[in-house]
C-alpha cells in the first residue's frame, strides 16, 4: 500500500465518524423536539462543537493530500467529493443544532398536534432513512443505493410545500403562540434543506465512484461524463 | 478531423530488436501544433517509438519495423527517403544535454552549416532568432564565442533546443528533456516548450507525470510495448478509460 | 590488535612499498642519466653538431646522424600519419561490429607488440629487395612506418572511442551524414588524443635501432642525406657504433650523442603531454 493509500483510508474513516456523529445529532434532535427535552437539547448544542472540530480536521486532511500527493483520477475525485460531503454534513448538523436552539428558547413545550399536523415527525423519519441509506452507500461505495435518496427527497419537498397552508390556521387562531409557530415553520424548512443536502452527498458519491456529474440536472437526470 | 489534417500518423506499427518484439500494433495520430506526451514505466517502448519518428533507431543494427509512419502524409520509411532531409524537418532534444564542445554560436549554427548554408548574415540572424526562441539570448548574447560547455545544465539544454530550432523544423521530439535538470531549470524549460507549440508540433517522452499534466494537450500511455490509451490529457488524468492507465497514474504499479 | 589497526598498517605499508618501487626506478634512471650528462656534456658544441664522422674522436660529429634522424622522422610521419589515422577512423566508425572486426582489432594490437627486428627483416625483403629501394632513407622510413602503424591505429581508435556517442547522435539528429559527423565533430574532439598517440609513436621510431640496421643503415656515412634515395644513418646507430670503439674519446662522443637523442625524445614527449592536457581541459564531457 502506498503512503497515499494510507492517507485515503484514514480520511475515509474520519469521514465515516463525521457521518455517524451527524446521524446521532438528528436522532437526538427528533427525540428532544417531541419530548421537549431541554437537557437533551443542551447536549446537542454541546456536541455541535465537536462536529465542527471534525469538519476542520477533514478539511485540513484534504488540503494536505492535495498539496503533498498531487492525486489524479479516482484519488482526486475521492478527495474532492469528501471535501464537499464534509461541508454538506456540517450544514446538516447546523440545521438540527438550530432546531435544538429553538427548544432551549421556549419555556413551554410545542404543541404535539401542530407537530403532527406539519408532518415534522415524518420528515425526521424520512431524513433519518435517507441518512441511513447514504451512510451505507458511502461505506460500500454503492451508487445504486445512493440514487434511492432522490425519491425520498421528493417526499420532503411535499411537506415543505404544504407547510404554509398547514400552519396558517394555527397562526390565526392562536396569535399568542406566534413565536412557537414560526419556530416550527423554520424547523420544517430546515428539514427540507437537510434532504437537499443529503441529495448533494449522493451526487458527490456518484461523482467519486462513477465520474458522473449529476449536478444541476433538474428533473431530467441525464448524466455528463466528465471530460 | 480527417486523415490529411494529422501531422504524424502511425498505423499498425511493430518494432523488433532482432527477435524481440519491442512495440506491438501501435496506432497513433498527432495533431499539428499540440504537445503530446508519452508516459509509461521504464522499458515500455515510448522512447523507441519516439525515435521512429526521426529514424534514429536506424543506427541500431538489429532494429526492424513493420507498419507505416507518415509525416504530412508521406511515409518516412520509404526506401527513397533521405534520412538527413527528414531530420531537418523533425528535430530532437535528448535526455542529457549534449552540446558540441564548441562555441555557443557554432553549436546553434551547426545544423545550417551542414546543409551548406554559407551566408554569414543569414546564419547570424538565424542563430539569434533560435536563441531568442529558446529563451537563452539574453543570457549569452554578450559572448557567443564562449564554449558551450561553460553553461549550466539548464542553459545547455536550452542551447540544445535552440540548436534544433535553428534549422526551422516542423516537429520537435523531446526525450525526457528535463529529467537531468533541477526544478527551476525544469520549470523554465516547461514554459519554453509550452510557448513553442504555437509554431511547432511537439512530441515528448516524460517520466514525470505531473509534467505531462502541466504542459501536454494529449497523452499516450505505453505499457510493455503496447499503446494502452491515448487521449486528451485532461481526460487521462481525471477519468482514464483503462484500468491499467489509472493504476499507473495513481502510482499503484510500475 | 583489531581489524581496523591491521588495515591501517597494511595501508601505510603499501604506501611505503609503492614509494620505494617508484623511487628505485627513478633513482637508477637518474643515476644513469646523470653519469651520461657528466661524461658527455662538455663535448657538446656547435662543431660537434656540424661535424661529419671521423676516425679521430675529437673530430667526429653527429651531423649526418641527426640530419638522418630528422629525415627519417619526417618521412615516417608522412607515411604513417595519414595511413594510420584513416585506418583507425575506418575501423572504428565504419566497420560494423562482427567477428571479423573483433579479429582485426586483436591482430592489430598484436602487431604493436611484434619485436622491431621482425619489421626490419620484413622491410629488408619488401622495400629493400623487391621494390629495389636498397638501404635508402625511403626503405628505412617505410619500414619504421609499418612498425608504428599499429600504434597509431590503436591510439586513433581509442581517441575516437572516447568521444561519447551522444555527440554523434546530436549531429545525426540535426541531419548530418556520417562523414559530416566524423569530420565536424568526432575528429576535432579526438584530435588531441590522436596527436598524442602519433607523437608518442614517432618518438618511438626515433629511437629504433635494430630494424634500421637490418635495412642496412650504415654506421659510417660521410655525408648528409639530400634525397630520399640516399643512404643514411641515425643517432641510435651512431651511438651504437661509437660505443663499440675502444678509444675513450668515442665513449664521450657517445655520451654526448645520447644527450642529444634524449633531448629530442623528451621534447617530443613533452609536446605530447602538453597537447593531451590542453585537449582534456578543452573537452570535459
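We just call them A, B and C in the order they show up, numbering each chain from 1.
The rule is simple: contacts are C-beta pairs under 8 Å (C-beta built on N, C-alpha and C of every residue); 3 or more make two chains touch, one makes a residue touch a chain.
Just so it is clear, the structure is predicted and the values come from calculations on it, not from any experiment.
Closest to the protein's overall CA centre, chain by chain, comes B. Looking at contacts between chains, the pair that accounts for the most C-beta pairs is B-C.
Relative to chain B, the chain whose mean Cα position lies farthest away is A. Mean C-alpha positions place chain A and chain B at a centre distance of 52 Å. Averaging C-alpha coordinates per chain places the centre of chain A 94 Å away from that of chain C.
For the pair chain B and chain C, the distance between C-alpha centroids works out to 48 Å. Of all residues in chain B, none touches two or more other chains.
By the touch rule above, chain B contacts chain A in their complex via residues 209-210, 213, 232, 234-235, 237-240, 246, 249-252. The residues of chain A lying in touch with chain B in their complex are 2, 4, 70-77, 211, 225-227. Residue ranges on chain B touching chain C, taken from their complex, read 54, 56, 59, 61, 84-88, 91-92, 94, 96, 98-102, 110-111, 113-115, 147, 149, 160, 163-164, 167.
Chain contact summary for the complex, chain C toward chain B: residues 96-97, 164, 166-167, 169-177, 180, 184-185, 188-189, 282-284.
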